[in-house]
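The next part holds the structures, each set out as structure tokens.
Next come two complexes, and both contain chain A; in the first it sits with chain B, in the second with chain C.
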Partner chain A sequence: MIEDIIKAYNEAVYETDKDTAFEVVNGALAQGMSAEDIIFQVVIPAVEEMMSLIVKDPDANLAQHFMTAQIAAEVTEKMLLLFKFPPEIIGRVVIGTAAGDLHSLGKRIVMGCLKALMVEVIDLGVNVTAEKFVDAAVAHDAQVIGISAMMVHTAMGEHGCAEVRKLLKERGLEDKIKVIVGGAPYRYDAELYKNVGADTWANDGVSAGKVIVDLIKEVKSHVTA
Partner chain B sequence: MAILIVHSHVGTRQFDITEGQNVRDALDTTDWRVRAACGGVGSCGACVVQVESGGVSPLTLSEYQRISADARAQGWRLSCQLRVYSDTHIHLEHLAHTSVWHSIPTADLMPSPCKFREIGEYHYGVAVDLGTTHLRVTLWNRKTGQRIASRKGLNPQERFGADVLNRLDAALVNTDTAQELSRLVRNAIMKALRDMLAREVGEIRLMLPEIGLITIVGNTAMLALLTGQGYSDLLNPDFWQARIDCQPIDYKKWQSQWLLPNAKIIVLPPIAGFVGSDLTADLLATQLCNGTQGAFLLDVGTNTEIVLWTGKTLLITSVPGGPAFEGVGIRNGMSAESGAIWNIEQNENGLTLETLNHEPARGFCGSGLVDAITILVSTKVLKPSGRFAQPNGGDGYALVEGNSRTVITGCDVDAFQRAKAAIAAAMETLLELANMTWCDIERLCMCGAFGRHLNIQNAQAIGLLPPISADKIELNADASLAGCELALLNENGLLLFDEITANAQTFNLSLIPDYEERYINHLLLKPIRAETAHD
Partner chain C sequence: MSPLEILNATIAGQPTPRIPIFCNLLDQGARELGLPLKMYYSKGEYVAAGQLKLQKKYGYDNVWSLFYVGKEAELLGCNEILYADNGSPNVADFVIKNYDDIAKLEIPDDITAHPAWQETANCLKILREEVGNTHPICAYLTASTTMPALLMGMDKWMELLMGKDTDVCDELLRKCSLFFEKEVAAYRAAGANVLVYSTPFGSTSFVGMKRFQEFSLPWMQRDLAAGGVNNIVYYCGMAPFNNVITQIQETLCIGSYYISPMSDLAEAKAIIGKTALTCGVIEDIKLIHWSPTQTREEVKRLCEIGKVGGHFLFGTGVMPLQIPEENIVAMLDAAFEYGRF
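This part shows the complex of A and B:
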């Protein structure tokens, strides 16, 4: 039974068919599967599967990224309401769009995937100052700051990631908080993330999920070590 | 349409020519211009060509005067007098010097406005539409209301980046660059003017002081870079909805550089950070605000500006929907030049690809891309999500088997989806803000070069244009130039511009939460839903 559900769900997600995805999930609930099992055995593996597929598939496009993230996030939100105990989260991320930039869509996909991977996401919105990124990360005890920038001048500008790095250094937080960037300019120049002082970057929202989970683990191992 | 086959020492090329059109006018719109030093009235004799065969008009009086009997017997003609009625071969011995300037086909220009001002002296005038990619310039006799000549050429700032942000960035980093950017455009305007005077009037020096007025429209970034004013505010989101002041400080300097001592220079003021005076010009030329019913205006360019006229007020926004429609970021994308696939028809025998000037296909211009994607979706090669039904490993799909210039890739489709989603979602957001639906829309004006060859049904099928009756959709490619000309010829041009936008409201879509949701929904390649309700 579970194999069939996984297969049907994966197909629906790959075809970006939200209605069918929900039908599959509701069907599984009706058959007595728990919300916890749906998340951990169906949804999360599906997101992971999608990551490897999308990364390999040169044709994967924006509509598909959105739908995948959207479906995953919506299913997860719905299932979380049905959880008997609050789920254990892997870690925390504060995310936002760089100062001067109002493009919110990129981080939306990233957030969708993170939620589905049981990472708590605090959305700081758009046009976020470096100060606010760092303060929020400290206040929420987050392991990772995610900065999205869709325009060349907001990616490279002095008030974006570069300033976040400066503040982290000044406040001695560099081991506790890692910085990941993403957005169109970084895709055109795979080395750009280094120039702006980020620890890493991700090409798309779905692979961002994995990179961020790894970052969180890295920080946690530091802190406990 | 007839075909004009031109043989010259550099080779042979074919051009479309409207039956009855003269050869000079037809070639003036291309990069194979004949030599000329009069307005095409047969007085300079510079435009000679030799007819080899074909259906052409009889000799005119001026040809008898300018061309010897021997030469006439060998088929020599004045190309400005020579009208073509069926496919014709000509020999063109002397091409004019290659120039970045070509005239704009008359069919693309809107008819000249008919009211003229009382003008005592300096009654010539120049209208300039300053676009990110192209510059369009026309020369007028303001007294008689006659358009003497038109020119179109590339914006020379292009080497500092195809998109406006790169140029703004370059200007911000270095004030020398800022000055260079301004100088490049001023030089280009001067060169276009001189080209028109040399070829169409046959006199430069004496004419320059006769020019009494220059009106300039453009997008805000272009005007800011031209005047060196306000460009530092443009990248700041706080100024998005604000008026940016970009008036030249130093008119006198421009006048003396241009050698136009008597020319008043009016830079028509843009509406907001990303809404230029080219849009106001569109509004004037299309008279969008004259109706009492709902109407949309789209100016598709590098930046796409969108206006909703509710019948009472104007709602304005802009989205970065353009470059894909001009071929930027598309593997086989190109602008509408020779060899661009501009129209694709589907019939029993398969696909017929039409290229500009019947040259072998070099790539797709915007309208060709719309046709290609529509056909791929209707034949189920592509799914509405934009994915290929049969994965092709990123190599894409060739519309003509074995012809790599006709390949469309998944990335191309993605870029197209993003651009069209930005536009469609913006229109829908404005409708919602005005509490209207598509049924309330009686008119939609498509301005900008992209609209020129657009197949409306196809654009509707994949959700770029809304589901309103096709006869309500008008294609007005050069409206912004026409509006600029209105300002040039009208007694109170500047006032017209101020009036029409006085009560306009501008919206920054990034600040409207629903926009994001709509954008995602509009990524799909399917018709826009008639009802605007969202999930």
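This part shows the complex of A and C:
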């Protein structure tokens, strides 16, 4: 039964068919599957499957990224209400678009995936100053700062990631908080993230989920070591 | 031959001394005039002066009537633009804040009477008078399927497009298509003769093939039906579209294709051949860090692939302000050298 559910759900996500994805989930609940199992055996593996598909499939497209995140976020939200105990959150991320940047699509895709991956996301919105990123990360005890920038000047500008790096260094937080960037300029120049002082980058919003989870684990292992 | 004659001859498949060479410098005009970007973009005469100065300085073929991409949203009621010191302005006030605003969205009967058009018209008038007979004048027009992103933000647009409210979605698309129809007519009448049709949803990097065929293609047909495809350049905002070129040619009959730098140019040239103009585009974000030697090598590579058999233009994306001048010079020197027949 579980294999059929996973297969049907994955197909719906790949086809960007939210209605069918919810039908599969509701059907699974009606058959007695728990909300916990739906999240951990269906939704999270589906997000991970999409991550690997998107990397391999040259025809993967923005609509699929968007709907993967939307479906994952909405199903997760609904299932969490049915959980017997609150799920264990694996870490926290503060996320926003760089100062001067108002493009929020990439951030939204990342947030949707992270929600399903049990990462708590603090959304700082758009046009976020470096100080706000760092202050919010400290206030929320976040392991990762995610900065989205769709334009070259917001990706490379002195008030974006470069300033976040400077502040982390000044405050001695570089081991406790890692920085990930994403957005079009980084896709056109895969070395750009290093020049702006980020620890890493992700090629797309869905893949960013896994990269962020890895960063959280890295920070946590460093802190506990 | 003048740059305009070279372009027209290239499109027609006639002999030319070299390929057409387009370089898309926008924000750099402010730097040339020593003005802050906000002031530069406040007057059509500044933008025209910046364009003319840049063209003279570097010697490439085209000038632009585009101020910044969000300018079109101003014609539909956008009142706030976020300016930066070092890059392109952003739309800061979305005209459509919720779905109810779609019903209220009005397409002006005559967009040339709209105050937001006046500075564009002033810019075009100067460009036409100064170089209209000798140089291509470019205009940037956003397709109906992409315009909603400027009016409501890309994430809200994707939500509407991928959702169930098809009537609301269609109403918005009809209005955006009508706007495109009026806008393209206005630009043509004002003297623009290279009409860059910005249609990212015309790439399967944005939507899958099924949605491309059932959604993007019909709306593009509708956009272009009234005004025709003369001087239209198919451009997907640097997203790849080699896999749909044949369908676009068969359905829309567009004569110029601005190939993504992420695509295989040789493949695009093989598909298009002599049936239309192939525009080979350099990945210009890399010019920020490349050396002049690397820049020259890439231009050489593109020209060697593209110019065989003619019907080829060298072009750039929207060149970021951060590109050092020496790389702009190296790129254009190489384009003139390797683009010679």
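Keep in mind that, in the parts below, the second predicted complex is superposed on the first by the 225 of 225 C-alpha atoms of A that agree within 3 Å, B and C clash if a C-alpha of one lies under 4 Å from a C-alpha of the other, contacts with A are read in each partner's own complex, and residues count from 1 in each chain.
One rule holds for everything that comes next: contacts are C-beta pairs under 8 Å (C-beta built on N, C-alpha and C of every residue); 3 or more make two chains touch, one makes a residue touch a chain.
Please read all numbers here as calculations on a predicted model, not as lab measurements.
The superposition on chain A brings chain B into a clash with chain C. By the document's definition of touching, neither partner reaches A:A137: not chain B, not chain C.
In the superposition on chain A, no contact is made by A:A12 with either chain B or chain C. Shared-chain residue A:V206: touches no atom of chain B or chain C. With both structures placed on the common chain, the touch criterion links A:D189 to chain C but leaves chain B unconnected.
Shared-chain residue A:A63: touches chain B and chain C both. In the superposed three-chain arrangement, chain C is struck by just one stretch of chain B from 20-28, 92-100, 254-262 or 488-496, namely 92-100. Of the residues of chain A, those at positions 16, 59, 61-64, 66-67, 70, 100-105, 108, 127, 151-153 touch chain B in one of the two structures and chain C in the other. Across the complex, chain B is touched by residues 15-16, 57-64, 66-67, 70, 100-105, 108, 126-127, 151-153 of chain A.
Residue ranges of chain C in contact with chain A, taken from their complex: 82, 84, 86-88, 90-92, 153-155, 158-159, 161-162, 164, 204-209, 211, 238, 243, 261-262, 283, 285-286, 288-289, 320-322. Put simply, chain B touches chain A in their complex at residues 165-166, 168-169, 235-237, 383, 385-388, 391-394, 409-411, 413-414, 417-418, 508, 510-511, 516, 519-520, 523-524. Across the interface of their complex, chain C is touched by residues 16, 18-19, 59, 61-64, 66-67, 70, 100-105, 108, 127, 151-154, 156-157, 185, 188-189, 191-192, 195 of chain A.
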